[in-house]
Every structure is written in structure tokens, then in C-alpha cells.
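First subunit A sits with subunit B, and in the next complex the same chain sits with subunit C.
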Partner chain A sequence: MIRRTLAPFALTVLVLIVAVAAVLIPVALATPDPIGMIDTFLFGPFRTFRHTGNIVEMATPAMLCGLAVALMFRAGMFNLGVEGAFFLGALATAAIVILVPLPGWAMAPVALAGGMIVGSSACVVPGVLRNRFEVSELVSSLMLNFAVMFIGLYVVNSVLRDPSAGAMVSYRIPADARLPRIVEGTRIHLGTIFAFLACIAGSIYLFRTKAGYESRIVGANPGFAAHLGLPIRSVMLRAQVLGGTIAALAGGIELLGLYQRFSWQGLPGNGWTGVVVAILARDRPLLLIPSALFLSYLQVGGDLVARNHDVPNEVVGLIQALILILVTASAITRSPRLLALLSGKRKEGHA
Partner chain B sequence: MTFLETIAHIVDLVPVLLRVTTPILLAALGVHISQKAGVLNLGVEGMMLAAALAGVLASAASGSAWVGLAGALATGAVLGFLLSFAIHVLKADLILSGIALNMLAAAGTTLVLYMLTGDKGMSGSLSSGVLPSLAIPLIADIPVLGRLLSGHHVLTYLAFAMVPVVAVLMMRTPFGIRLRAVGESAEAAATAGIDVARMQIAALVLSGLLAGAAGAFLSMGYVSWFSQNMSGGRGFVALAADLMGYGSAWGTMAASLLLGAADAFVISLQGKGIPSELLQSLPYIVPIVALVIHARARRKRFVRI
Partner chain C sequence: MAAEPIIRFEAISKRYPNGTEALKGVSFSIEAGTIHAICGENGAGKSTLMKILFGLERATGGTIRIDGQPVDISSPRAAASFGISMVHQHFSLLPSLTVAENILLGQEPRRGLLVDRKAARERVAALAARYNLEADPDARVAGLSVAAQQKVEILKALSRDVRVLILDEPTAVLTPPETDELFRRLHGLRRAGITILFISHKLGEVRALADRVTTLRAGLLSGDAAMGDISDAEIATLVMGTTKTVPPLREPHGFGAERLRVDNVVLRSLAGADRLDGVSLSIRAGEILGIAGVDGSGQRGLVSVLTGEVLPHDGDFHLDGRSARGCSTAALRKGGMAHLPADRFHQGSARTLSVVDNAIAGAHRSSRFSRGAFLRVREMETEARRLISDFSIRCPGPRAPLSALSGGNAQKVIAAREFATAPTFLIADQPTRGIDIAAAAFLQGRILDMARQGTAVLLISADLDELLALSDRVAVLYAGRITAVLDNGPHLTPERLGPFMLGLEDAA
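Moving on to the complex of A and B:
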């Protein structure tokens, strides 16, 4: 019985191993030291405490962006504005702490709240356009991401730019506004705890509240939801407002947790990582935690390899893309033959 | 005199408009075909990007821009096939597979470029070719008409020539009718004996070919290099053009020209004191506004019927 219930999980693990191997081995063979590269990628993140801490640091925005994506996908909304919301949320947070004179204790909360409001627009605007005019939220959100990026870079360049810094970066973020570090020897900050709690709250919202139940029905079967008389449009919009707010908050937390200045010259890609995290977690908020940790582990491995073996960390992007396809491939993940194999004859499925 | 100058100014803008519309139109026609078959090609952005790099590589390796074009087309077609493979054989989600394809192209092109040239951003060290512009004999000598009709890029002519070709293919041939039947209702089409998978594979391969041509235009149209993320969202703009095209190839062309006009407008304003970042955001805001206007117009039309 246990084997049977764990078989889908084991299959996912198997798929992940295949995805990593399929990218890593060919790339490694193109380098002078294949074994060393694979070793660095797979085990490097655990060799030093600092690098293991990096995994948790990177998992923080990944969890929150994954939660944003999961809440929207659950309601059937393919809104890809998470990337723009993350960027804009971080920028607005930076703008508030730099420009608005606030007492030290109020800086982070006020700036994060402001960042949420401004940043969420990258998801809310496509949501409203879908709601009012039936404009595809998929297409409008994809384009809004680019518009948000260019407008954001304009703000950085013309308002926040520190002329003495040399590069195109903002003024320094005041020390009072930064989120406190919580683990000695790493950069893990208060935002990480918040991200864990958010995933738990997301799970309660989706599976234990009326609003969450409504959004799951609307996402799973809009026709049925219409028959029930659910306010479909407002349920869809609510999911996108929630998603945008969480993604924007993730951006603000990332900025106040890890950065000295706002220094992004383009979209940072965390939103797309969020999509992969959410899909790998099958849109279940609690599973976002291991899913985000795993993808961040790959990211840290990729960064270490980039530093030590002259292989760009885009390798991780390839693995992410492969994971996205393979995990949604129901021919693999729901294959009766594979599941039977894992639950019966093999040991992978055994607890 | 001022009237003539205005005319001359507008005539001067036409080549710019056609140039910036070319990649959008080629990609949008590709999206159009896939959309008609019920498999919206969200990977068009990644296909363009990968084809742009493949074109430069094939051209640099062979010394011929035409071989580069062939490489770009082949890359688009192969990616189209891979996308249909993901959907039909692996039974993966259409939209997520498209997103995955875009991620794959963004990471893959950077990786391949770095492995071959040691540079992540540009392919400057590779000597790749540029596809030619065509001067049409006789017409080129006519004062205004020559400027309007002659001297454009070979892929610009291809793009606009593809509009009637795609229109006839979709509306007037048995292949097109089957393709549209699959898009309208896959179950009904299957009952009528149409091989749904085969039609959708064909649609995505055709879509990939057109996206490949669009990619070739980016890296071999007027420049002879590939740069990181050089497709810059044009594939997504093409998606919008298709949505605005009322489901016809001619409508898609009109929408592409409209969105291209926004690009041309931005180019004409460059260096006139407006911050470049704000100008650069315009080509992405215009499609969103256009989609809203289009959606309202469509709704009114339905109300009248």
C-alpha cells in the first residue's frame, strides 16, 4: 500500500534524475574535467556551510514565486506576470526605502507594502483586462513584463541612480531597512521564515477555505463552476491579485534580504523559476518547499560550476526547461507500466 | 513644397515600417497556422532565438548566407517537431511545453555561443553572412513607386508573399480544411477520419519554419551577428498580432503592420530627447492597448449579430 502511494513520488524523482543527467553528462563531456565538473555540480553545494546556505537563500524567492504561480494556475489563469511583478516589487521597495524618509523600524514594512501594491500591477493589469475585455492574460502578461522592465530601468536610471557608484545601480539601501540575518555564517534572512509560512498559509487557503475551494473549482472545471453559480470572473481576478501581490512581495523581500543596492539590468528570471517550482510541486503549496529547495540546489551547483569549470550557469536553465516538460508529460508521469514497475518490483517506491 | 516634403518623409518611412514588420509578420503567420490547428505555438519566441543563432553558425561555417538561412529554417522546423513530440508523444501540456521551449532556447543559445566563441553576449567573432536586399529591375527606377516596392530585404518579400500563400493554404486546400477542422474540434475531426496528431505535427513544423525565417531575419537580415536574447519579445508580439488578426492571414498581416508601425515610430523618435528606456517600452505597450481596443470592437460586432 505504501509502495503504491509513493510510486508517483518515486517516478518524479526518477524523472528529475533523468533530466539532470541528460543535460549534465553531455555538457561535462565537452569540458576538460568531466568527473570534476559533475562532482562540483552535485556535491559542491554541500561541501561548505555557506554554499548550503545559498540553497536556502535562493529557495526563498523561488518558494514565494512558486506560490504566486500555483495560486493563479489553480484558478486556471495562465498569467505569466510573476516575472514582471517580482522585478517591479523589488524596484518599488527600493524606491521607497531610498526616497521616503521613515523611522528605521518602519522602513521595511512600509516599503514592502508599497512594493506589493506597485509590483502586483504586473499581474493585476492582465487580470483586469481578462476580466473586463476577455483579453488573453497569457499574451498581455508576457508583453507587460517587457514594458515593466523598460519603465523600471528608466526609473533606476533617472531617479534612483547613484552617480558615484560607477555602474547603473541605485543609491545604497539604508542598513535599517535590511531584513535581519538569522543564521550565522550564511545570508539566510527573515524572509526565508516568511516564505515557509506563506507556503503553509497558501495550503490552508487552497484546501481549507471557501475562497480557495472556489478557485480550485473554477480552475478545474469552469463549466461546472458556472452551473454552481460561482462568480467566476471575480474568483479568477482574485487569484491574479493574490498571485501578483505575493510575487511583488517576493521581489521586495529578495531586495531587502540580500542586496545593498538595486542593481538588476534586466528581468532576473525568478518568475520563470517560480513556474518550474510550481509545476514540479503540482501546484500544491506545501510541496513548493522541497521543490524550491531542489531547484535552488541545482542553481547553486550551476553557479559553482560556472565559477570553477568555465561552464556558464545557463546549464541550469536547460535542466529547468527539461524538468518543466518531463514533469508535465503525463505519458511518463501517469504511465501505468512505469508506476507498476516502481510500486512492485523496484525499491525506489519503498519508504 | 512642404506637402511634397511630407510625402517624401512618409515614403522614407515605408522601408523602415516594412523592415520592422518582417520578423513580426513571419512569426505571426507561424502562430496563425498553429492556432488554426488548435496548438497555439507559444514557443515561437524561442524558435526565433534558436534559429537566429543557428543561422549565424551555419553561415559562418559554410561561408554562405543562404546556407545560414537553411540552417535557421531547419532549426525552426526541428523545434516545431519537438514541440509536437512533447505534446503528442509525451502528452505534456501545450502552454507549459511552449514556455519550456522558450527557456530552452534562451539558455541553450547562450550556452552554445559560449562553448563555441567563449563569449556569452555576442557572436562578433564569427564571420557570418547577411542575406541580400533585392532591387527589382525597372521598378527600382520609377521615382516614388521604386522606393516603395523595390530595394527591400529578400525576407521582407518572402514575408508578404507568404500572406496569400498561407491564406490559400488554410482556406482553399484540403490540407487547410483538415487543419482547421482539427483546430475547431479534434474529436469531430478524428471521427471524420482525420489523423489529428499528424495534422498538428504538420502545423507546428510549418509554424517553426516561419519562426525560423523570422529568426534568420534578426541575425542575418541587416546585421551579421547574434546577440543574447536578440528576439526580445518579438515572438510574443507576434502572438498578439495573431490574436488581433480575426483568424485570417490577411488580418494577421494588418495587425503585424500596425504593431510594426509602433516599432517604426519608436525608431523615428530615437535621439529626440525622449528617454530611450521609455521609448523601448512602447512596442510592448501598444500591443496590449491594441488587444483591448480589438476585444471591445469584437464584442460590439458580436452584439450586433
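Moving on to the complex of A and C:
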């Protein structure tokens, strides 16, 4: 029994080791100091406290975006609006703290709440389109991400831009609005604790609440949900509202936790990382935590290698891509949901 | 005929990576030119054995000999090279192509780069004539009846120099006259020298068709005898073991008030086969109304209307005197409707979810299994354990995914869930199709229990024996109309229902 429960876990670990080795070894052999490069990549992140802290900092938005993706995937909704929601959530949060006069203590909570509402639209709009008109949420959310980005950049340039700064960045975020740092010597902030708690709450939601149960049923087999008389459309929409809200909040937290100004010139990619994290965790909220930490560890290792050896940190992208292929290859064989999506059949109860 | 058997299984065993032993050293022979039946409950290992023979799975021990030579059947392609072909329960035809295109798919006669249509048509016609299985080569498969599609499937299997034809429950989708027809064809194939392996749950059919029968139980060979040397009762014992299952019998009992009334329901929207053309029915408390009819006579339409899946174009139906037209599935279920769907994996369950999740779904909003927004997970698991023991469901545990269960056990989980709601009206749609004899007998007993407790039951079944064993009355559906409603009794036989099912007679 124990062996059976551990087997998939062991398999995943094996897949990860294979993916890292398959990219790292050939790349290392092309450098003058292969051993040194691998050593920096694998162990560098733990040599200084600051770098180890970087892992946790990076894992924070990855966990939250992963949670947003996992909750939507579980309900069978392949909504990729997390990227746009993360961007827009951060932007709206920045806009509120910069433009709205608020007492210091209220800044972060009000701005984050506003960011959640505005940012979630990147997921909610495709959700509503799916609900009303059967538009594929995959396609519409993917396209909307870019619309959101360009609208956002327009707002930055025309409303929030600080003319005294050299680049296209916003005014400074007031110090009162920033999330407090919680570990000396790193930039780990309050949002990290929130992300851990959110993953636990996500697990409780999926496995211990009526709404989560219903979303799992709808995601596992819409025909079964229809047979039971579950409100399929509202369950699907709810998952996307929830996912969008969490992703937008992640953007706000990232901004208030780590940034002095809103300075993104394009989509930051945290939403995509969330998709990778969720797939690696097989949509299990508690597994999002190790999954996000692992991917962040690779990223930090890659950044160190890029700085110290003549290797671009795109290697991390390569490793991620390979992990995705390997993990989804076995996920495809298991998941009827993905199979149904790939074969173009989307069974749903007749309305 | 050579003395050497065409196929010999020697100590075949199969152990899955998860430790399940599907076959534990099974040995027997199949003589060339015979019809050989293989019987066993679901999970007894007969499907696994056939998959091994057809190259879909590898045995973990033992040898298969063909004509005395040990062979390695690594894929269906390898099986084909030994002349072994299989007709699956679910057809693998392409509906938009013609009969000839389907049969010769992958082996089309060519003229240059093009398919030689004329030669293809001639080859199919010759094939059909040779085996006396008539088929129009130019007909589109989509327009054919299930029986005709099966014929195409058999022709497709025969198109590649076949010596051994495996038929997996070929009669599950056929009406009695179609079954008789199929059996005549199969006897013809045997005369043409083809060896037929016939998998079935129905002993009557095995008796009518087979020369020899092999029974499997729990992965072991439990019997192997010529049909002349063994009685039906003996086969049943070999299949099910010594536990005696009393064949369910209708007992006379009183009926209560009218629970379901269907008035002149018309449905046009679904595909042609499913239309309803003014159906009226009535079921009283404690009564089982059986619906007989050729597959596609309107059964699906009727179920879709009564479960609230579609709105009928005309007519109405009443549950306990209240009009239920336009009610959602949720409202109907709340009103006491329960439904054992025919398609147990697309409608009845979610295979990736656990047994608990499947067993409690639908009841999870009740105060018993939830408090506020939260589920009472322990309560759910306790109830699932109770259902598992009450329905003697064989499974690794309540948290195992439903996909780990055999078809019969999965159907029991679905039935346990639906019956646990104590419904006033139950739709049992093909409740025992394709599941093992023991599980079928168990579920039939439970359906009778439900009726005894006052549930009105609408029983739809392609198995006339089942209908006649359980029903108080039998209504026949033909082309979307009720052509007869007959009281059940010793006088009611499949022969009497046949003409109504085929539209030859109309008593309505």
C-alpha cells in the first residue's frame, strides 16, 4: 500500500532528475569548466542565505499562480488567463496605491482587493464567454492576455509614468503599502506565508467542501455531473472566477512584496510558471508547494550559472520544457480530461 | 483435420504490475473448426486471456501454441499474421465511410496512386458471398443498424485470411431475431472452416451455439467440456462457484397509487432513432414496468425526457401527481427520481474519482454529509464502507479510484448510490448489461427489493430474460411508439414480444 502511494512520487522525482541531467550535462560539457558549472547550478543556490531566500521569493507567486491554474484545471477549464490576471492584478494594485489617497495601514489591503477585482477579469471574461456562448476558454484567454498587456502598458505610459525616472516605470510605491519582510537578509515577505496558507486552503477547498467536490466531479466527467443534476455552468464559471482572483492577488502581492515601482514592460511569465507548477503537482494544491520551490530552485541555479559561467539562463527554460513534456506525457496517458481536450471532444451535459 | 489443436494455452498467467493476478496458470485447447465458448464472471480472466491471444496484452507466464508451435503474439498485427482476428463489443468502424471502405481499410486495392473502387467493391461482394454475410458495399456505415454494423465488423475481421475469430459478447447489442440470424451465420462460418471463440454471459446462447465450453473463475480454469457432456446448471455452477444464486423471480405483490404518468410525450430533437412519437405510460408504486424494444426505438429519448435532460416537444409527465415537464435533473432527483444510466462510464460515474466520491455524489448536499460549506468527509467514508459491504463490492478500498474496479463492481457502486436515495421512481436502464452473472443476479434482486418497498421502477433492458423475470408489465417500444403493454405471466414469452418489437404487430 505504501509502495503503491509512493510509486507515482518516485516516478516524478526520477523524471525530474532525468530532465535536469539531460539538459545540464551536454550544456556543461560545452563550457570550459563543466564540473564547476554543474556545481554552481545544483549547489550554488544553497551556498548563500540570500540565494536560498531567492528560491522562496520566486516560489511565492509560482505557488499562487499554480493554485489558480490547478483550481481551474480541476474543474476541466483550460483557462490560461492567469498570466494576464497576474499582470493586471499587479498593475491595478500599483495604480490604487499610487493614485488613491489612503491611510498607510489601509493601502495594502485596499489595493490588493482592488487588484483582485480588476485583475481577475483576464480569467473571468473568457469564463463568461464560455458560459454564455461556448467560446473555448483556452483560445479566448490566451488572446486576452496580450490585449490585457497592451492596455496595461498604455495605462502605465499615460497615467502612472514617473517622468523623472529614466525608463517607462510608474511612480514609486509608497513605503507604507509594501508588504513587510519577514526573514532578515532575504526579501522573503508576508506574501510567502499567505501563499503557503493559500495552498493549504486550496486543498481544503477541493477535497473538503461541497463546492470543491462539485468542481472535481464536473472536471472529471461533465456527463456524470449532468446525470447528478449539478449546475455545471456555474461550477465552471466559479472555478474561473476563483482562479482569476487568486492569480490577480498573486500579482498584487508580488508587486507590494518585491518592487519599488511597476516596471514590467511585458508579460512577466509568472502565470506560465504557474501552469508548469500545477502540471508538475498534478493539480494537487499541497504538492504545489514543493513543485514551486523546485522550479524556483532551478531558476536561481540558472541565474547563478548565467552570472558566473558563460551560459545563458535559458537552460532553465530548456529544463522546464523537458520537464513539461515528460510530466504531461504520463499525465496524458492518465487524465481523461486532457485526452478529451486533445481529441477535440468536450463532453458536456446537454442544456 | 489435424490432431493438433489449433490453439493451445499452456499455463498462461498474467500478473499486473499492481499485483492483481488476472490469470493463474490456465491451460486448455481449442480444436480447429469448432465454436468454442468461454464463460466466466467479469474479472474471471476471460477478457484478459482473449487480449493475450489477440496481442493486446502480454502473458507473464506460460506458452501459447498455434498448430503445436509455440508462438509469441506481441501485437494485434502479430495475431493477424497467425490468422487470429477479433470482433470487439464496441465496433471500430468509421461511420462516414462506406461498407467497402471500412472493410478494406488499410488493404485497399490500388490502381496507381488511387484506390480501385471497382475492385474494392468486387472484393467485398466476393467476401460477403463466400461467407454468406450479405452487405451492400456502397452503403454508409452511419446509416446501418447495429446488427448490420456488426456484420460489417465480422466481414472486416474475415477480410484478412482468418482462421480464428474471437467474438466478445456479440449478442449484447442484438435483438432476439438478430441473434438467431447471427448464430446461423456463425454456424455457416464454422462450416467454412473458421474456428470461433465466443465469449458470453448468456448460457442459452452458449447452449445454442457452442461445441465446447471452457469456464474460468477468479483466474483459474474451472471447467472445460463438450457441450453434450454438461448441463446448463453445471456450467452455471462452474462459472459462479458453489454459492447458489437463486434466479430472481417476480413475486406477486400489490401495487399502490400511480407514481409516474407519461402523457403523449413527443420528442423530435434528437437523432432519428431516438424520437418519441406520442408515448404514454403509467407506473404504480411497487410496480416494475419493463420496456422491451430493439435498440434505438426511443429508449434513449424516453430516458432523456424522464431525467430532465431534454424538454419534450409535446406532452407531459407527472411524478406523484405533479407535472414534471420542464423540471431540471436536480429538481427531479429531489422529487424522488433515481437513475441507473445505461452508459455507466460517461453518465453514471467518474472513473478518475474515488469510490467514496462516486458513491456519495449527489447526496453530498444533504445535512448528513455536509455542514455549511464543508463536507463531512469521515461520514462520507463511513457510508461508502457501509455501501461497499452492503452491495459486496470488491474493491481495494473506499479511496481507490473507480477505474480500479471491474465493470460489475463499478455498476454496483453506481447502483448503491442511486438506491441509497430511497427513490420513489427508479429508472434502471440496462442495469446488468455486460456484467458478470453474480453481480447481475445481485442487482436484479435489489431492483425487486426496491419495488417491494414501493418504488415505481421503469426497467429498460435488451435482455428479454431479465425483463420477463423482473417486470410486472412489459411495454414494447417500436419506432418511438408504444406498440403493446402486456401483463407479465407464464404466457408472455420472447416469441410473443418479438412481433411487437419488430413492428409486425401493433396492439396500441
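Note that in this section the second predicted complex is superposed on the first by the 328 of 351 C-alpha atoms of A that agree within 3 Å, B and C clash if a C-alpha of one lies under 4 Å from a C-alpha of the other, contacts with A are read in each partner's own complex, and residues count from 1 in each chain.
Everything that follows uses one rule, which is that a contact is a pair of C-beta atoms (placed from the backbone, for glycine too) under 8 Å apart; a residue touches a chain by one contact, two chains touch by 3 or more.
Please read these numbers as outputs of a predicted model, since none were measured by experiment.
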>> Taking the superposition on A as described, I'd like to know which of subunit B and subunit C A:Gly317 touches: first, second, both or neither.
In response: first
>> I'd like to know which partner A:Ala306 touches here: subunit B for first, subunit C for second, both or neither.
In response: neither
> Is A:Ala211 contacted by the first partner subunit B, the second partner subunit C, both or neither?
Replying inline: second
> Of the two partner chains, subunit B (first) and subunit C (second), which one does A:Ala220 touch, if any: first, second, both, or neither?
Replying inline: second
> When both complexes are superposed, which of subunit B and subunit C contacts more residues belonging to subunit A?
Replying inline: B
> Between subunit B (first) and subunit C (second), which, if any, makes contact with A:Leu228: first, second, both or neither?
Replying inline: second
> Which positions of subunit A sit in both the subunit B and the subunit C interface?
Replying inline: none
> Within the complex, which stretch of subunit B touches subunit A?
Replying inline: 42, 86, 89-93, 95-97, 99-101, 103-104, 106-108, 110-111, 114-115, 120, 232-233, 236-237, 239-240, 243, 275, 277-278, 280-281, 284-285, 287-288, 291-292, 295-296, 299
> What residues of subunit A sit close enough to touch subunit B in their complex?
Replying inline: 27, 30, 78, 80, 129, 133-136, 138-140, 142-144, 146-147, 149-151, 153-154, 157-158, 272, 275, 279, 312, 314-318, 320-322, 324-326, 328-332
>> Taking the touch rule as given, give the residues of subunit A at its contact with subunit C in the complex, in rising order.
In response: 4, 207-211, 213-214, 216-217, 220-221, 223-224, 226-231, 334-337, 347, 349-350
> Once bound in the complex, which stretches of subunit C touch subunit A?
Replying inline: 18, 304, 307-310, 328-333, 339, 341, 343, 346-353, 357, 361-362, 364-365, 370, 373-375, 377
